[in-house]
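The structure under discussion is supplied below as structure tokens; questions concerning it will follow.
The letters A, B and C name the chains in turn, as written, and every chain counts its residues from 1.
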Amino acid sequence: MNVRAKKVSTLTTILAVLIIGTFYGVFYFFPVGNLLKYGTEFTTIKEVFSSSSTWKVIWFTTWQALLSTFISLLIGIWIANVFTKFQFRGKQFLKALSIIPFVMPTVVVATAFISVNEFLRLDGTMFTLQGSTFGIIIAHVFFNTAIVVRTVGSIWPLIDPESEMAARTLGSSTSSTFLRVTLPQLKASIFASGSLAFLFTFSSFGVILLLGGLEKATLETEIWRYATQRTDFKTAAVLGIVQLTIIIVMLALNSRSRRQGAAVLKSGTSSTQPTCANTHFLKFRLGTCVVFIAGFLGLPFALLVERSLSTNNGYSFLYYKQIFLESSERFSVFGTRQAILNSLMWATFAMIIATILGLLAAILMTHKSPKLSRSSDVVLLMPLGTSGVLLGFGIIVSLDTSILDVRSEWWIVPVAQAILGVGFVSRIVSTAIRNQNPELKQVAQTLGAAPAKVWWHVDMPIISRSLIAGSIFAFAIAIGEFGATAFLARPQRPTIPTTVFNLLGRPGAATFGQAMALSVILALITATAVSVLDRTGSVVGNEI
Amino acid sequence: MKSNGLKVADLSVHIDEALILSDISFEIEPGKTLAILGPSGCGKSTLLKSISGLIPTSSGDILWNSRSLLSSPVHKRGIGLMFQNHALFPHKTVQENIRFGLEMKKIPKSQADKAVMKLLDLVGLRGYASRSVQTLSGGESQRVALARALAPEPKLIMLDEPFNALDRSLRRRLIEEIYGILMSLGITAIHVTHDSEEASQIADSVLLMNNGNLIDHGKFHDVIKSPKNAISAELLGLQTLWKPILERRNGLYGINSPWGFKELPEPIASSYKVLVRPEKIKVGLNGVEAVVLNNVYVSGQKLVKCLVSDSFSVHVKTDEEFNPGQRIKLQLNLSDIEILVEHTV
Amino acid sequence: MPAEEIMKVQAKLVSVFIAVMLLPLLVVACSNSDDNNNVAKRDCLTAEDSVTITTTSEDSKAVSGESIDLVVYDAFLAPPGAFEKFTEETGIAVNILTTADTGTMVSQAVLTSGDPIGDVMFGVDNTFLCRALLNNVFSPYRPSTWDQLEESLKLDPFARVTPVDFGDICLNYWIDDTRNQPTSIKDLTDTEYAGSFVTQNPETSAPGMGFLLASIAVFGEDGWEQYWKDLRNNDIEIRSGWTEAYYEDFYSKERNIVTSYATSPIAEYIFSDPPLSKPPTGVVGDSCFRSIEFVGILRGTDSPVASAMLIEFLTSTYFQELIPETNFVLPANKKAELPETFKKFLKTDLEPVMIAPELIELKRNEWTESWTQIVLR
């Protein structure tokens, strides 16, 4: 590379650093820092750490997160395997189904799980979903499997099947091949999705609160309790610092191991094409997985649909009609149609911000300099593991100067959602960048493509698939309204989750039914958006 | 003195402080083909990549028509490169792949498409335009890769062992086709291979490399006739080479062969190999005793492999039929025994 | 050597990156923290020295065209068209800023005391009142409707907050149930009521807190703990929020007694599908906890006059009459007429209990801690 090209590349990197740095600095570090400073008093620190319940909370938070992540990985890899290897009818549908849990408001999922509990008569048994650690873990797996399936599933097709065939001819059994040949090639994406899942389960809030039964407390719920119910910011801040420290440590470890395990998949040579299941054994493999997906992911959803359709007069679409037609006066306060529009708009906005920033971030994360890539690896994902309460409160406390009083602007919500989404996009995209075949770029150069053109014509089509995968998540996060946004001051524009919340916040069979119907609609919107994006992903790869 | 074509002068390349290429110099006239022969790991690919600019050089110069290319970035050099693994853009169609270089030259689409169609005809893939490259066979994708490299009309095209993955007959066919095309277009080419026969098929001149060094260089015919050293001979696939036993007789250093003692030429080096070409050995009534081992066919030519004095084997070119185990007598003039130094660098 | 140059540039990049990110942090750490949280040890309902806001008719005309922010908690619903009417009448636009639950809203107000996120805050209740007042969150303003408001609701004589609505947290039960129907809070510890009751965690739910406070009011500070021990032995269910308790356990008839609101039966009646002839649930009258909601002008607002006019509007009979059917609470303004359904079905023989806000603020943490130990551990 000659001097000019090097200068351009350095300039791009500097630009990326400045943009990302400013965005994160203003909307994350500054607000969170402002709150965490309450936790720097020595007496409070001493108090918090000398209490045994603090240690119990830390311990519980950590091990339930690890266990949830581990199981999510197992199940996610299994499902990703089936999606990669097999072509079958209804595959699109199942793929979309696997991401819906991620979007659903926690309250709705909790309701669905209770229904499952009743339906399967688990209450009172060891496997009860309500008020047990088992329930928490299952719910976490329910939410987070999507991350694993999507991340690992976008990389798996790029593995050269011949490497597996070679292993088989050398005497390795199917399972041994999987462990020794396939899995190492998936390491990077497994780490990527695993760390994301850990972040979510570690700082999980709604699930613990609603399903965990009240004896289960995690760092996040304790922070919430002290900050919002006791107005004790000092204790909350100390706990917040503890939470953040553990997250940073985990991210740093994870960053190191990702680097060591990066295998270069030659995208461009033969890739795994999905085939039909021909033999009995293959059909069985496919079948068990489909049944599992349908059952595990689909059953709660099915029960939700059932609840949305069951009126006092038997089954009908009554509640759906009510949502869309808004004929009855008393329901006009809920503004359901507007809510759907608003949700879509805000989520799209957040998704766009997260995608652009995520791409820039991915560039930083795959930079040649190990210091830059490692530090951005850790820093960019910190928001996902930070307490939503602290971030939301932090924004409210900090962004209050006359120039910067954005606390109540409508766009602070998608911006906060975007910050959470950037981590996803950058993780998934950087994995794809690392896995690229370098020869493609070299060939393009010899064919007369300047570095910018190389990037556009060669890198982008290949990265775009992973970019789409990341954007989908950013969209899903935004439309399900996660985390920090619950603690911001939001201008009252109804969104689907807030409307569901309002509907569930008052008694009445009709409002409950409408809430269920609206949740089903939310799921369908997400599924549709996801399928559209999925299709665009493969089309983008084929365009000129 | 102005010279046309490619000139590489004292090229050295370091990668991470290790010396990969050392003082490589050669020239190619416009429209001619140079074959680069060498074992795996000798630096052939590095040489190609540094000529194209993908790898920076440490010292030396690369010139085209007497103008140095070193200051141009890769995408401005106009040098085409074909990789072993074809490196076709996976999500583009055949047409889009081939058209790529033309797009970079900002040639309007209609014109570019016409050129693509012509190239597809040229490489024998008419009708493949909208096929996805993932569905192509090895030979087909190789041809697409060629068409893609040719499209922007490069001044020089370099092929890095492009036929490795193909079977022999397909390989031959493709080589003939491709070099027919290159010749008809008058494009200068460098062809890297480890197969001497392939090299002989297409090259006007050959460059032999080992361990990052240039070992021999010249017209194929010349290099074959007088290989500089034993490594050249091996690379060129010459037979039969064997390691001799050195002796000293009457104050002279020499090798002891079944046909007599031959003096070593000056200056004396540390190790030697002896080359005896199959066509120089005659089967006759007198000569050294040998046992027929088997018949070997090289490019359709029959050679008879014989075991001589229980110690080594030679190949003999003859039309006569022999059975394995048969005892025959081999004649050879001492002057036809070529003594080659093992290394000259 | 080019390699060295690259290293230097990279090192520079890394330091720029980290610096840009952490600079705000350093600024924050080094700055003197404005101690908003200085909780003075004084009675929260004693006199405040701050200036009361007053408005004149000229002021009122001057603020036409302004826009103010009304901070509410998440379950708040604006009556349709109400704020548009306000804008019509005064020319002032109202933005509604939704936060999370009441506790969160109050905590946010405390954190930003003096530099608030909005202009008026709606929904601080009597259990959080002292916390807000002690942290100097509001500016006093006595609206012209002050004398129309119910006396017992005016917990702050200094009008830093104005009562806007009230409701009672009571035990609800299914009327047509074959199981026993309670008439008193004391029934719940009887064995016939084992397994019938579901209530909420007072730390995470307003009705939950309400019922706990009711039990403390009824059984006294020395007796409530025993009551709860007995309850626990009688197989009660605790959920974290009203939604779960009401829709999952109560609706499914798994439990037929739930802590909810006195107006819940009316809501059941209104939203019933198909329509019923009367509410399907009933209310236990001897242990309702009175919950009062207040509205106040946030100290430090840029628009005190416009905010004052909003307070006027929120306590006007027009708005007060819209409250019941939207939010299912009762208007603070005595002159506001209740809707027909409320007049028909609202129980008037309830004797709600109250606990002084100062006592709640003082003992709240202690009580919830003790409750947690008794009921959950």
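Simple rule for what comes next: a contact is a pair of C-beta atoms (placed from the backbone, for glycine too) under 8 Å apart; a residue touches a chain by one contact, two chains touch by 3 or more.
A quick note: this is a predicted structure, and the numbers were derived from the prediction, not measured.
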Relative to chain A, largest Cα-centroid distance belongs to chain B
Interface with most residue-pair contacts lies between A-C
Calculate how many whole Å lie between the centre of chain B and the centre of chain C, each centre taken as the average of the chain's C-alpha atoms. 86
Chain A and chain B: spacing of chain centres that average the CA atoms, whole Å: 54
When centres are defined as mean Cα positions, the distance from chain A to chain C in whole Å is 32
Contacts with two or more other chains, residues of chain B listed in rising order: 56
Tell me, which parts of chain A touch chain B in their complex? 1-2, 4-5, 266-271, 273, 437, 439-440, 442-451, 453-454, 457-458, 461-462, 541-542, 544
Mind listing the chain A positions that touch chain C in their complex? 6, 10, 13-14, 17-18, 20-22, 24-26, 29-30, 33-34, 37-38, 107, 110-111, 114, 118, 209-210, 214-215, 225, 227-231, 233, 311-313, 318, 330, 332-334, 364, 367-369, 371-372, 375-376, 379, 389, 393, 396-398, 400, 407-408, 486-492, 498, 501-502, 504-513
In the complex, chain B touches chain A at residues 49, 52-54, 56, 71-81, 83, 85, 87-93, 96, 100-101, 104-105, 132, 134, 148-149, 151-152, 154
The answer for chain C against chain A in the complex is residues 6-7, 9-11, 13-14, 16-18, 20-25, 27-29, 33, 37, 69, 71-72, 74-75, 77-80, 95-101, 103-104, 106-108, 110-112, 115, 117-118, 131, 135, 201, 203-204, 238, 240-244, 246-248, 251-252, 260, 264, 267-268, 270-274, 325-326, 328, 365, 372, 376-377
